[in-house]
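Following this line, the structures themselves.
Across the two complexes that follow, chain A remains constant while its partner is chain B and subsequently chain C.
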Partner chain A sequence: MDAFLNLLLGFKLLLQPINVLYCFIGVTLGTLIGVLPGIGPVATLSMLIPFTMRVDPLTSMIMLAGVYYGAMYGGSTTSILVNIPGEAASVVTCLDGYQMARNGRAGPALGMSAIGSFIGGTFGVIVLMILALPLARLAIRLGPPERFAIVAMGFTLVVYLGGRSPLKGAAMAALGLVLSCLGTDMVSGKIRFVSSVPLLYEGIDVGAMVMGLFGISEVLLNMEKSSEEREVFETSVKNLLPSLQDWKRSSLPIARGSIIGFLLGLIPGGGAILASFTSYAVEKRVSKHPEQFGKGAIEGVAGPETANNAAIAGAFVPLFSLGIPPNVVMAVLMASLMLHGVAPGPQFISRNPDFFFGIVASMYMGNVMLLILNLPLIGIWVKILKIPYRILFPLILLFCVIGSYSLNNRAFDIAVMIAFGIMGYIMKKLDYPAAPLVFAFVLGNMFEYTFRQTMVMGGHDLLFFLKRPIALTALLISALLIASTLFGYFWKFRMRVADSGILGDD
Partner chain B sequence: MEKKTRWLIKFLVLVTMLGFARFSSAADYPTKPIECLMPMGPGAVSAIGVRIITDATAKILGKPILQVSALGPGGIVAARRCAMAKPDGYTILASNSAIHGTALCTRKDIGYENSDFEFLAFWAFQDMGLTTRPGAPFKTLEEFIAYAKENRVKAGLMGVGTGGHMCFELLKLEIPGLKIDYVPAVSSPDMRMLLLGDNIDVAILMGGSGGPTDEFTQAIESGSRVIAVSSKERLKAFPNVPSYSEKGLNVVLSAWTGIVAPKGIPKEVSEKLKNALYKALEDPQVIQGVEKLGNRYLFMKSEEFTKYVKEYEDLIRRIVKEAKIPPI
Partner chain C sequence: MKKGNLIFVLTLEGLGILEILASYRLGLQTFTNPGPGFFPFVSGVLFCLLVLPICISSLKELGKTTAAHKRPQGNLKKAGLITLSLVAYFLFLGLLGFLIVTFIFLFGLFCIERHQKWSFNLVFAAALVGAAYLLFHTLLGIEFPLGFLEIG
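Now for the complex of A and B:
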């Protein structure tokens, strides 16, 4: 009851014209930067902070938060249309969303992604509103052993992230782990492998990698095809909205995605990327027709898109209730709050209920605004697909080049993108999935440092995990998942050997 | 006029104009935007503090100051770029104690020395406070020391060769027999989570300016205790927290930030730049902004700054040598 009354207070604060205006500006700007490959929420937010200094803290926070979750809505657009993830979290949407677009179903993909984002975001906000403080207590209990175990569990799911062969998926994940080692080790400060290349001291930029692996490689592949094959893709765009069948198939993925997304958003270091990848892997694992994934299964779009928006609401939990930002974007948001003299921390919600509920109310409104904004835009986006490819692909390349430069204001990232583009092209030809590589690359650092933290905490004894029940459970689940994957793999191998008759007919 | 005379006059006019041209470049400084190299990304809190200062300075100089990030551990990439840049007053560096102290003394082959820089203006300290986890069995510095002599204490560390690391090592040098294990943390929020979750016993947090946004304040609100601070005297904002010095321990080590430039800038240009910086740093709005972000504002002009850097470098070199910290 209390929460409801506070929420009404929040809405009252929200409905002042300036707050509504800033909310609208925020979500629109967010959608735009989400759509454009390269520039992301972090850079945009830090550029906006000076502009928010002249308005009061609530208004500025409303706008900045709007930019963040707006970016999650927009990021899937280019993933679906041209296989270029606007955000690292939108990578998984490329897997099935782009295939749906190639089958002429770009409209339903975009629509389901917008709707899933809306449901995920709204669900997340509701949970944030009601359970912020108890959830914060849960978040504190997730120390290094637990976070290591959760990431490890994610790694065991990663083999499901694309392609038919779990072995190839595992190989790409291993490569991703190796690539994540390039650069400075966060713990010892040593520079690994690249001491003669200062441009790589901070490691490979994930944005450049992703634009290359998915976007550039796709352009290279398409250029090989004859123009007739491409014509089919361009002209046959069927319905613009999801069908009843789509709804039925997506409802459970959306439900699961909301929960998975929110919980993973809570974890420091997790966030939208972990949420969307995990949701995809879970959906593929529990699906009755996993072979459809990678060919245009709508569950592969609905689940992850819901998860990444729910993760944003989840990320606000540690920020508001503990004063600890769980990822870089939240850190920038917190900096803007600090500039206004507002300090998130344990007493934050109880001391500033109007602020907290004002933001919560704005997130409801922002999600609605985004849905209203994005659905009609589908018609326009779909028309882009009708542009002849010979005109479209130079534009795609242009946006990618500008986008990769805008990451760090240096041309080196363009070279990185092109290198990964060529690599992605070769990988596609040889049917090696790119998604596990990206997942392992993004989470490799966290995988490693949480383990090292755990080892120091536990006196360098692996048995330390036995003392941490949550971590132990997650690790056991991981072991079971690996075992079942291996079992399935070898079972199929045995079946194939038996069918081929090598072993004789007795 | 004779043809030769005409040529002579043209030649003289040209030479005079060229002479004026060189003259005018110093008097008209700045004629184009100034680049401020940043060792951190544009989203970092410390970047915002720098932006407040550079925006105010730019207004005084009349040309924009653009922030350019050059990322690298310990700020060494940005520092090297500044050291090698042309000393014409159009490149400055938002520098800090890591670049001129901790990273300098713990890393090999970084490509610069402190003598490659001109130290323009010092603007803040970030003090280090020894903070306990909420349920810790020690409530004062003395209790902590006694506890750490008997039991292994888990201390959060932001990385080898950081200011926090130096502070712990200095404490260990002053008080032999402390058993401290370093648990690595990858960011300041990570450090605070470790502390709150009882995964580490103590951590060194940066802050000290007071106010609700200060890391010390936030830690205290979550139930932690700040049991000692690394400034020479007690902090105004935290009068109940003793400094190491007053307890007889020679641990005076705070992180700091300042603006520097490559050595060799022509005197007029350097004076203009410095005066603009000094004026900006005496502006109450700037002071307020800087303090809101958790810094302990302290303004030193160029000569004092240069002297301080020498003292700081000597201190860090001593710690590295005596604590036998291996080079990175």
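Now for the complex of A and C:
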């Protein structure tokens, strides 16, 4: 009942014209960047943060959240029509979506993708609404030791699940921690490492960093490709509504995708990408015709597209109830809230139910807007697919330079953005993930200060963690994950030694 | 690429060592009563330890034959030109002001691809600067640098 009343309050706030307008702008921009390959939600959100500073935090968050879930809708369009994922969570949609388009079934693939996204997104928002208040009540009991342990677990999970090389991911997370130390120490007031650069006394601006790492680096990488490498769209789109047979085949994948997506969205390091891949793997495993997967099975579109949208709602749970972003997009959203002076954390929902339920309400409305944008208006997005990159990239760079300048009205942030842009470009070329770096950078200060607070609380005794069951459990999970990764490395090393021994004997 | 990876990780390792030394000077105190340098010190040590195995494997890789694993090189010239344009934008923004620098910047970027005539690029760049100024300055109220000519 509480949740329902709060939702009504949320809708009351949402229905102010400016909020509806920003919700619409957010989902439209989200669909646009989802459709356009070469620019993802992280880069777009980081570019938009400075421009949302002029509206109140709720309006800004409604728009930024809209960009994120809108990108999931739009991302499938390019996957299906040109076999290029608009954003990472739609990679798996290419496998069957593009094959459906090649078989002349682009319409039903796009239709089922939009409908699945709508169902997954709405399911996620309903569960988010039901879970939020009980979780918020639980979260209030969490003190600095628990928060420290949960952040530590988050770091471990992001590194563990995040990429192909956990070692590179861990190194980048450690670099993020190192960078988060730059500037003034909040406890002693001492300037750390940058005493000769007053512009860095408050640390590196996260907006400039993210714009560089994701926006500039992406443009530099894309410009390396020749224009011939970008495929031209020629498929025709008709009959968007799926047939009865399509519905029969897709209903269970949509149901499973909703649950898988929401649950995986909750886990730090999980998110939409993991959700879509897991859903695809599950559908292939339970299917009576697994041989059809990769050749145009509609289940391979319906399941993952539902899952990646449900995962977004799931990802809001740890952000708002614990103040811990489970993935890099949420880390950027958290950074945006912090720039507005709003700090998500254990008491956030109970103290700001109007804010939280305003966002929940906007997600209901946003999903309806997206269904309209992605079904009857699909033709517009198909046309946008034809914009050449030579026109697009100067616009992206213009947004980046103006965005970073307007963060603090100073050119210095442009220099910071360029530096991180070059670094991000090198990292991408050498296969180093940027997400753990941003994640650790955003949470680095919280990690340090909750540890220092815990030490003060516990009388400077490390065993204090043993007296706090939640903190202990989270630390044990982290230790197990680290141990399993180290064991994996040790095992590989042993096998290699054993192999070389056999060769030596020969 | 292998050489590039080695240079990258060696740079990171060097930065990590510098950070450790600098944080030591800030004052570590103890593990249970950390000083301002403690957390940077620990994260610096952790960083160096994690980069070290990547460094070693890069060194080992460098010794192996490279021909089979050579990746295709992209158009580095374009990426380099864009980076230079961005650096020039940063350097001249304060001096020449937003309108002039942004116009030159956009015109230069459109010319990089060499698909349109220069006159088209000129008009398109001017139109975009106008639109950007209207949106960000007039509507959103962002104050841009005027430069020594005080235009804008």
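Operating definition for what follows: the second predicted complex is superposed on the first by the 271 of 506 C-alpha atoms of A that agree within 3 Å, B and C clash if a C-alpha of one lies under 4 Å from a C-alpha of the other, contacts with A are read in each partner's own complex, and residues count from 1 in each chain.
We adopt the following convention: contacts are C-beta pairs under 8 Å (C-beta built on N, C-alpha and C of every residue); 3 or more make two chains touch, one makes a residue touch a chain.
Predicted model only: the values in this text are computed from it and were never measured.
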Name the contact category of A:430: first (chain B only), second (chain C only), both, or neither.
second
Is A:144 touching anything from chain B or chain C once the two structures are fitted on A? First, second, both or neither.
first
Looking at A:190, would you say it contacts chain B, chain C, both, or neither? Reply first, second, both or neither.
both
Using the touch definition from the top, say if A:418 reaches chain B (first), chain C (second), both or neither.
second
Answer with first, second, both or neither: which of chain B and chain C does A:216 touch in the superposed model?
second
Applying the touch criterion given at the start, work out whether A:56 contacts chain B, chain C, both or neither, answering first, second, both or neither.
neither
Touching partner for A:394 - first (chain B), second (chain C), both, neither:
second
So, A:452: does it touch chain B (first), chain C (second), both, or neither?
both
Of the two partner chains, chain B (first) and chain C (second), which one does A:168 touch, if any: first, second, both, or neither?
second
Quick check on my understanding: which residues of chain A belong to both its chain B contact set and its chain C contact set?
187-188, 190, 409, 452
Chain A contacts chain B in the complex at 42-43, 45-47, 49-50, 139-144, 184, 186-191, 198, 201-202, 268-269, 318, 322-326, 328-329, 331-332, 334-335, 337-339, 341-343, 345-347, 408-409, 445, 449, 452-453, 456-457
In their shared complex, chain A is touched by residues of chain C numbered 1, 4-5, 8, 12, 15-16, 19, 22-23, 26, 30-37, 39-40, 43-44, 46-47, 50-51, 53-54, 74-76, 78-79, 82-83, 86-87, 89-90, 93-94, 102, 105-106, 109-110, 112-113, 115, 128, 132, 136, 140-145
Applying the document's contact rule, which stretches of chain B touch chain A when the two form their complex?
41-45, 47-48, 51, 55, 68-69, 71-74, 77, 80, 106-107, 154, 159-162, 181-187, 189-190, 192-194, 196-200, 211-213, 217-218, 221-222, 289, 292-294, 328
Listed in rising order, the residues of chain A that touch chain C in the complex are 51, 54, 167-168, 170-171, 174-175, 177-178, 181, 185, 187-188, 190, 192-193, 216, 219-221, 223-227, 388, 390, 393-395, 397-398, 401-402, 405-406, 409, 411, 414-415, 418, 421-422, 425-426, 429-430, 444, 448, 451-452, 455, 460-462
